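By letter and in written order, the chains are A, B, C and D; residue numbering begins at 1 in each of them.
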Amino acid sequence: MQHAVFEEVRMEGHLIDSGIMSEVMDDIIALGGEFETISFDVGRTNDDPSVCLLRVRAQTDAELDRILMQIQTHGAVASDPSDAKFVSATMDGVFPDGFYATTNMETEVRISGGWVHVANPEMDLGVLVDSVRCTAETIAMAEVREGDLLAVGHGGIRVHPHERPRDKQAFEFMSSAVSSEKPKAQVLHEVSRMLRDNREAGLDVIAVVGPAVVHTGAAHHLARIVELGYISVLFGGNAVATHDIESALYGTSLGVGLEDGIPTRGGHEHHLRAINTIRGCGSIAAAVEQGVLTKGLMYTLVKTGTPFVLAGSIRDDGPLPDVITDVIEAQNEMRAYAQNAGACLMLSTMLHSIATGNMLPASTTTVCVDINPAVVTKLADRGSWQTVGIVTDVGLFLEHLADSLEP
Amino acid sequence: MQHAVFEEVRMEGHLIDSGIMSEVMDDIIALGGEFETISFDVGRTNDDPSVCLLRVRAQTDAELDRILMQIQTHGAVASDPSDAKFVSATMDGVFPDGFYATTNMETEVRISGGWVHVANPEMDLGVLVDSVRCTAETIAMAEVREGDLLAVGHGGIRVHPHERPRDKQAFEFMSSAVSSEKPKAQVLHEVSRMLRDNREAGLDVIAVVGPAVVHTGAAHHLARIVELGYISVLFGGNAVATHDIESALYGTSLGVGLEDGIPTRGGHEHHLRAINTIRGCGSIAAAVEQGVLTKGLMYTLVKTGTPFVLAGSIRDDGPLPDVITDVIEAQNEMRAYAQNAGACLMLSTMLHSIATGNMLPASTTTVCVDINPAVVTKLADRGSWQTVGIVTDVGLFLEHLADSLEP
Amino acid sequence: MQHAVFEEVRMEGHLIDSGIMSEVMDDIIALGGEFETISFDVGRTNDDPSVCLLRVRAQTDAELDRILMQIQTHGAVASDPSDAKFVSATMDGVFPDGFYATTNMETEVRISGGWVHVANPEMDLGVLVDSVRCTAETIAMAEVREGDLLAVGHGGIRVHPHERPRDKQAFEFMSSAVSSEKPKAQVLHEVSRMLRDNREAGLDVIAVVGPAVVHTGAAHHLARIVELGYISVLFGGNAVATHDIESALYGTSLGVGLEDGIPTRGGHEHHLRAINTIRGCGSIAAAVEQGVLTKGLMYTLVKTGTPFVLAGSIRDDGPLPDVITDVIEAQNEMRAYAQNAGACLMLSTMLHSIATGNMLPASTTTVCVDINPAVVTKLADRGSWQTVGIVTDVGLFLEHLADSLEP
Amino acid sequence: MQHAVFEEVRMEGHLIDSGIMSEVMDDIIALGGEFETISFDVGRTNDDPSVCLLRVRAQTDAELDRILMQIQTHGAVASDPSDAKFVSATMDGVFPDGFYATTNMETEVRISGGWVHVANPEMDLGVLVDSVRCTAETIAMAEVREGDLLAVGHGGIRVHPHERPRDKQAFEFMSSAVSSEKPKAQVLHEVSRMLRDNREAGLDVIAVVGPAVVHTGAAHHLARIVELGYISVLFGGNAVATHDIESALYGTSLGVGLEDGIPTRGGHEHHLRAINTIRGCGSIAAAVEQGVLTKGLMYTLVKTGTPFVLAGSIRDDGPLPDVITDVIEAQNEMRAYAQNAGACLMLSTMLHSIATGNMLPASTTTVCVDINPAVVTKLADRGSWQTVGIVTDVGLFLEHLADSLEP
């Protein structure tokens, strides 16, 4: 069968060394198409960008459409682009058919012949347009209201893929595989430098924290980092806050003594009593005010005025009164912080880290620390060159990090 | 310092071979107490129970109290028991100070000199008493209302620890360690026999299901088991239902073709489109009625009238309209089924399985299947002799299980 | 500082879509060099090869040398190549300084102006040359004898990197990530087809087998595959052979009953008694002849005349008389088979699989099966497009595979 | 069928709280027997031992024999014991039929009415007797010579099971489960105290070391511990020594820079060149003497006169000239040290740690450190109360440990 229909697309950038060219070619073949290289001006040196003009062929219009939709996520744009198409939502909470699903990369939509930046890049959302003001932003499915104008198809939408910076990277070790078998001194140095850079630049840093931080006795090291002003907001769940408060009230975490690592007989229900106590106070902040909670990570957050978002989960006991039990509400709370973050530390929690990672723009520097290589691999695989995974003991890691951040 | 205060406790059962005696002695020493064996009538043969009278000594009343509280979870009761104490809750959602925290074992409270069964055994709850009707039941912290009468302390409360059945067990291989390196044929045979026994006995079976069941192509094998009437209710989250519906609508699961295992280019956002479609229909059942959803696991549940509970999580896209986004509401929905279950299959999901495990009485037969030994170890460690963990590929496991259940 | 010295290199092939071009550029920059693109003829369509002429610049001759050495492993050859250089070994078991260390890819050395194929491609060896006969072959360090002529430096050596076949691959699912969450039916189908193809083509297939194959009760499924003529040689250690023989003599594997999965009390030392028995017979084959060993995998190997290599390890009990306790001797035994293999199945053993993988040419189709994703990742990462990793239960996998190979 | 045959056995010790009583009862039932408690004098307090007299019944003499063989590993001895039986070996390297297979616990054999201590307790060996001198020792299968007198059956053999010390333990945290989620400060303190105690007591400490110690940049921290005199002998393989020497010669470990964690392009074959260089010198010690090797862990061992045993493995490149390529020879070398060790540190190597663990008496204090919980679980499960497993990053662990051991 003939590949009768075609369209010409243009790409520009470090196409070869970023692997973008190779991915585009793969996509075309995999989706049943063919390509011809119309022109390919290869940059002579490492600094010169390349420019490529490809003719993409397919057997049917639908097939061609599917191919163009896919390769536009790598930055391929029709050489002669039209405006983007918009359709009104007919129901609350439902996108129009054929809605454009976002990547987490910088994106523009073409409105009235001009390219308009899409605010708040985040993956797996829709693009909401204000055609009067000529503005565009991402929007979650649940937030759509009847009558909202949303982008459909792929025409007139341009993505700026993250090119791998060969010379200067947020982390020099970044391109190497995630492994427990790496020297850690340099890694710690780089993370510490990155946090200083963010603080100096006035950028927000999110810490996503799991209960292992408390169990390993590292909560007070993280509290030191909070006190030094390196953390802008903490994301977590009922467990991390409860175990931290349990350790403040009883000296145990899930019944295990934090001084000696020995399970306290009968200490198992300490976490329940801790939750009940805070519920009696009304909130964590109230417990601090009433002099009930006098130390620990949550105490430090309250005292330093550092905000936190505790999202509920189906396995929660209690929960603490500060926990947002409706998960969509919790997502919206988190999303507000995620879009402004310069960096994100993911510390030994898979669930909350995945949730946060889904909300982060590709440009956010992200550090994932976990002792389980499978978790690190999953989290670090965000299609971003700004993400590094570190397989190590989160307790010892935070102790070192806090030490290196002390003035 | 002298161990001046003491109390005598009585235990009865297979104290030595169940390890109960050893645990009680450990607890007393670990909590700083001492014990003397007043009498120990050892059963002469394997069938005879032992009876032991211990004098437990401590240095202070508070210490003695802590010890007695701990050892009562192993069935130790004061040899001369008093009535249980009850206190009214003074706030909604908060237990009284010193509330009794439940185990998941059969429990009785002493009211007016008589032992009253506590309905719905579940761990980490309180005990709500109706002193007029002389009834007692477990109650979650969030469900407490001002004025509710709740058990405090440990006096007058009696726990019946699960004794390990040496001769007849739900699973004969049960006492052996969880391992991927076990012959699987016999394991499958035992699980299949257990499911038949439950169906014959008219007991409910819960299936807790993670998305890996769909990704491995095993959803239709589980659907066969549902059709054969072996599953009473399915617990899961947005992911498993979404990927199953995605596979029904697009033939992919998270963009990966279920026939050939090859990622479909541009298939990544299929799951978003699947969610959007069902949201447009109103519910999964509505999508079946409208002829939109015509096959798959969720379709089979609707068609066979098998109920399901989809609990929300912070990482959900969408979510599907059937997902209960408030986690406490979702817990209550699940709890209603958990208390009546004869057995529970936990299939490749840690979060929902832990949530479910927390709700199950110790007597529920539980089978945990996961390819990750750490998950299986965590789930199978419920202090119950009715739980077995199987480290294997859930896809191949369900295929074999469905085959063996076919008439 | 100036990049004063330079050399021009030529590359040919699917440079962009195989990622080769990108890797070469990375290497040059990472080693402190620079490049200019002299010419780049991009293939117009997917079938046309590209040809690239690069000028590589460095600051010193030593630096330039290091760069050329590195990029020649991706197929970059001086545009005006000289003959390779050879130096005689001055000691047994020691290469000359600056020896050329091989890749596992097809390699040629230039002798008297002509390109000569290097026999037995295997990584991390030297290249031994017979300058009279104009032949070359790989040689292990320990095998070198004084006076042997060995290649040094990188000039006059040409590597043919494996280009990723975009359209036709040994395994279509190959490019997808290793995961336990893939549908297994298609994977099994492909492996089964690959084994048939190899048998028809008269190519050898190596099975590298760990003790988990016996523990999971799958040894007799592998024996069925041996009987059907799909396995040419088995590589393993003392453990797999011992546990197989233990199961034939006592019905247990490491003391665990293979019928019922229940540990046999007192069965722990069965493996010692099994080893002792075979030592008394003289060898495994002798035990078969004497009627002592009458079933199992090792029995099937002996009966079908299928060779096996059992390599010793420091943790061995006994060992069996057939185990080669000197590891260098065992390597040589394995190497003879490795070079002729069309395919290799690595079944739940890391140590022996790594050893075997090190010996295989990049062109050998390799299938790694293990329940541990970390092991699969490590084994599958051989820089070859002919390797696939499958995270699954080896017991259920072999049962399915044997069924699908039955005529 | 009747349980017609019986024998009376006696046990003494902390039978209940050590779980010994429970295990014996389990064994009897599992092997088809029955028991009657003739008498059971329970210790009144925690300090008093219990004494139990059991009548064990079986259906046949063979069955009774199997039961008695099994329960004697828990210390059960015939109440009226006879002498042990001895048989001469008829072939080199082969035990007599029915040979007694050892545990790693303190064992005695009854010769001419007296109990004789068996020297060098190690599991899975035989017991060699000198009937003239009335001495006994363990012996490996491969070491047996024709005419050697070896124990057979179980009569007249007495094992002293390790009782769990409830009050004083080598590690107080020991009884708690192996986990990455434990506070590490106390663990480090205990390990450090244990090493000091061993050095003061003049007991040997073995370090079993894997290549991850070098990859994580921790080799020089271990070298500091060696310099401080805390390590008596190092066990390892070709890999750890090669990568340490590679790092001394090239600054990389398997081609990865130890200062910066960045893979050195073209650094992959550094390890081959390192091996070749040492082979040229003749040995590691010769390389130190010749001024070729001037730093690193292996250098420190040579300079401090600390012995090391490098055992070969099938995956070795080279290997280094010091590597013992015959594994049985390597075992014998290691065994000599293992029997005199007061403690053993197992640092991120499964193969060599299992090999070493198999050789250690149950009384040797053992610390297993690995980032993989499955490895730690496997190593720590030696049926000894003196073993602790620590799931953590070996690099950060050794840095802390070295710091805490500095004077």
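The rule is simple: a residue touches a chain if its C-beta (ideal position, glycine included) is under 8 Å from a C-beta of that chain, and two chains touch if they have at least 3 such contacts.
Keep in mind the model is a prediction, meaning the values are calculated, not measured.
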- For the chain pairs A-D and B-D, which is connected through the larger number of C-beta pairs in contact? A-D
- Item | Most distant chain from subunit B, judged by the mean position of its C-alpha atoms | C
- Task: Let me have the rounded angstrom distance from the C-alpha centre of subunit A over to the C-alpha centre of subunit D, please.
- Result: 46
- Item | Gap in Å, rounded to a whole number, between the CA centres of subunit D and subunit C | 33
- Message: Taking the mean of the C-alpha atoms as each chain's centre, how many Å separate subunit B from subunit D?
- Response: 38
- Name the residues of subunit B that each touch 2 or more other chains. 26, 374
- Query: Can you name the residues of subunit C that touch subunit A in the complex?
  - Reply: 16-19, 21-22, 25-26, 29, 34-37, 40, 42-46, 166-167, 373-374
- Within their complex, state which residues of subunit B touch subunit A. 26-27, 30-31, 66, 69-70, 91, 93-95, 99, 101, 124, 141-142, 237, 265-266, 269, 272-273, 275-276, 279-280, 311-319, 325-331, 334, 351-352, 354-355, 358, 372, 374
- Message: With touch defined as at the start, can you tell me which subunit B residues reach subunit C in the complex?
- Response: 172-173, 176, 179-187, 211-212, 215-217, 256, 258-263, 371, 391-393, 395-397, 400
